[in-house]
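Please see the structure below; I have some questions.
The chains carry the letters A, B, C and D, assigned in the order they are written, with residues numbered from 1 in each.
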């Protein structure tokens, strides 16, 4: 069997893509002589201010290097002694961080089964049986991911319901927002959407992802003051996540938040996933549903899978089910989608 | 008292400076479509190859975000259960990393007193009394810093002597090289110097600093295979130090190592410190010695200190002795030095 | 409804019972002037020797304070950097140790679902997908419990199968033997049984429980030399599990192993559970199976459960299913069993 | 040279001695059928009540297995994120716990030099420079030992001064009281003395030692409520320090506190050390001062030292200075002292 020409971009991950030219321009402009290190510079002050405006809440803003680091800092800032973190078995913190939360924070992740990678109030009722029993770690923090590791979305009401139940048990809520931009784009597409999804719904801490959304190594932790530890900035440094030349991340966030570019790029990535669905969603064997954000999780027969991966690489997702992941990015073009769809159709249909 | 015009650059830290234009150019060039994330790209392969050539040794090369992260990964790759790390009380890992090694690795740092921030064989003989005693942590790794946190240098022979004694006790040796470029520049200025200072002298792991030497968030861990854990790459990820878009750091290291720029910038910084010494070294109250690399540690009367810091910021070093640090960088100009010297002389002399 | 007279002993846990008179006598005899602390005494030497004879293997023997401590020491002695521990979701280390392994060892427990609280080779095949992937912790140790937390038993062949598959993946095997005496009693009742169940089947480390089997705070860790870390004794001390006046635990183990008392007491406890089953096993609503060791896990309607617990206390097991645990001990008498059965029948039947 | 007959007891450590007959009797009496495990028994309730009466303060009382465990639980209950613990370089937590606090709590111990093993307010002023600086761990807890690891004593005023300064910096104070009974005996000898030395002086948490003072594996942590974490009991379990059959430790504490036996035994041990000083204090080369509690730290020439240790074992203390430790216990007799003194005099004088 012969394949058509492969797409220029991969459908492997949004971290295969590069940096948006406007972020690169912001970096180049920020490269201007001496400034205070570790966030004492003007770019950082402006970026923090823009985040506080976005959140419309008294949040502490801490820039970090990567998503795993953000999650560790955010969770570490919410935990009490002997607390555990409740998450789904799909959670990035549970599966894809090589045990960083356990190693750095010394905690148990209490992972619960969930077909759609979402936590429900029932999960919290169930784990609450451990509360007060000295033989069990205490479920103290709930970590939800939006958009989830299976490309699904919580509605605003669902997040509020999780937060309400969590708070009723004395638990705090962390939102892993490595792809919060994609979720924001999908659920309304403006600052109000973001707010409603996060602090407005009762979330106490957000890992705000930039790198997967066209930035160069720029991530942020947003912490509700009065709930998170006043030692959060120390926890960041202790977790190796304090950048010395912070201006380069901050300058990108200034560009992102002051112009709305962070939502534009995510909107585009989402649209490209939907376009791919339009082109291949009819192929029954793939078992696809319309994407909610920028990814789909088709089933591929093993031999088909390998040949397609050799042609244009993408990641396995659930090897036991022969499930893979296709993901679009800020720079995926309609031509990329058409080329990829043609290859799939040549092989699968 | 009036001050002259302040220098354009600060003498606070080499991480107050920006990024060398050639590194920025390398970053811009690397921003070219999709590549494998997490180090699967061609820039990373080339940079690793250049490091292996520089070391002339079978080393594992792991790029990281920052110096604290490098140190955690390097130490974690050398430690056995119940080991401690021996370092001086001045060590960056002991003083300036907010306890990251203890938190992430669960270890004790055994800090020893040293007037010049250097470890000697006698220090190792002394800590060796703990070996084999089940009530004591076992000194398993020695961490030396080159150039040290007091701006001093080990000679090659001194490093070899520490390594020989350490190895005779079964200990491994880590070199914190946040400023290894400055040391290399001062002690010979070429690849052979670097090799002689590190693996040639018996060092088992190096934290190779880039960020303080004109780069943008680029650091490397160099590990002697067979000594360091084969799980080092996992330890990096677990320590939150695996960059997803690694190409940007790697492209800078390609530029640095293939052109020698890393030594050029360090040579310049060292020269600027010497120039400053030539201009103010005669002021007795400062108690200065000629700088070995790019920093000096003068004594300043408290009121003088504050006024100078307000004029052109620099850091306190030992508050109990009213000692401060002046540090030059790759972009410090002769004009900066003259302006700073004039300010010092106006205030102190 | 009225209850008959409650039994003298509880059916709550084997740690509600006291110490066997012969162990108390051993303690009293050992209280004889000064001896070396921390295991340098003659009782400890003899107990170690008896354990090595029992195992017929070159094992390191470390006495500890309690079962959680034993598990932490055993696991810590088997782990490589970035390893996880695979166990069932019922495992004591996962549920009932308040996160001690995660806190002290900095590890992830990878818990797998299992209806009978037993690990099968298929579980290991499934987790093996993570091997070699730098984003995942590496399943390095498998922890099985014998008898399990649901009162079930592995056959010797089942343990061998788990060990073989584990070893084929490079994993080590830990056996949590808090109730290994009950298992040994049930599966043959002599030293050969123990050996066949543990090191003979390929197990690399055993937590050998004494306290639940009539002893006073006496536990042991048995480690296969060459597999476990040579630093195991340091790990014990670092985990706070090195008793200073070790003679009191050691003297009990001498009595246990030299006379076979450890199997006698377990045999009795098992028999009492079987006697209880004979008396109430016909009550359908309890959903009982014949006990394999010294416990049963009946279903009780909530209001019945509370009244029975008020009459003669026992623990809840799975609150979501209204399942409880009834457990016998070395000192449970036939009269206790009859009294307890009468109460159950009065309330339930 | 010939030696006289060796003493029946060693002068090595108070943990070489056995258990006082009255404590053994309490254990035997407590061995009476089934009781609630994990501290739900009547002995534990009574012992807690007696401790609260002794402290005359609202303290949480947690029984533990050993001193290292007590220290870990106490410190863990006082720490905030990114805190360090300030102690002397002689501290048991720093030297003799194989890094347990660092491993289990993930913290740095900030050890300060002190010739008499005592912390002074000046030490705290000095470490306070780190407060508020994000690059440094934050000195959050001060740990003092009473009596110290060099056999010295803080006066009540000295403890109050340390507490006052610590509290003024927002730090909490832990007292490692492995030999608090010896200190209490030396400084007044009644409950008021204990109170004045500890909570009355401002101490926030006490590790109360029993094992070195004639008990069998019985230790307690006393925590000031409102200062210590409400999760302290969970921290105990997570640190592997929750005894299941707690009644045996509790019954001993009931005997100790209700009869004053804990002070009697310590008074005797102190007197025996003083008696030894009376017999050998005139030997200049030993460089002895009158003992404040139950130990002395003589200087012995290496060859003399070895011969004496072979005759009647004792521990080295500072190998670099050829300093050793002689320690008396609750069961050291005047005849033991005379025999030991005769041996010393035969060899040294």
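Note that contacts are C-beta pairs under 8 Å (C-beta built on N, C-alpha and C of every residue); 3 or more make two chains touch, one makes a residue touch a chain.
Composition by chain, UniProt nomenclature: A, B, C, D = Unannotated protein.
Note that the structure is predicted; figures quoted are calculated from it, not measured.
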Set of chains whose contacts include both subunit D and subunit B: A, C
Taking each chain's C-alpha mean as its centre, the one farthest from subunit B: C
Averaged-CA centre spacing for the pair subunit D and subunit C, given as whole angstrom: 33
Distance between chain centroids, defined by C-alpha means - subunit A, subunit C (Å): 41
Rounded Å distance, subunit A centre to subunit D centre (Cα mean): 50
Shared interface positions of subunit D, touching two or more other chains: 38, 82, 97-99, 103-104, 106, 134-135, 137, 234, 237-238, 242
Residue ranges of subunit B touching subunit A (in the complex, touch as defined): 8-10, 12-13, 15-19, 21, 24, 27-28, 30-38, 65-66, 68-69, 72, 97-100, 103-104, 211-212, 216-217, 234, 237-245, 248, 313, 329, 331
Interface residues, subunit B side, partner subunit D - complex: 82, 84, 95-99, 102-104, 106-109, 111, 126, 129, 134-137, 319-320
Complex contacts: residues of subunit D adjacent to subunit A: 38, 76-77, 80-82, 106, 134-135, 137-138, 229, 231, 233-235, 237-238, 242
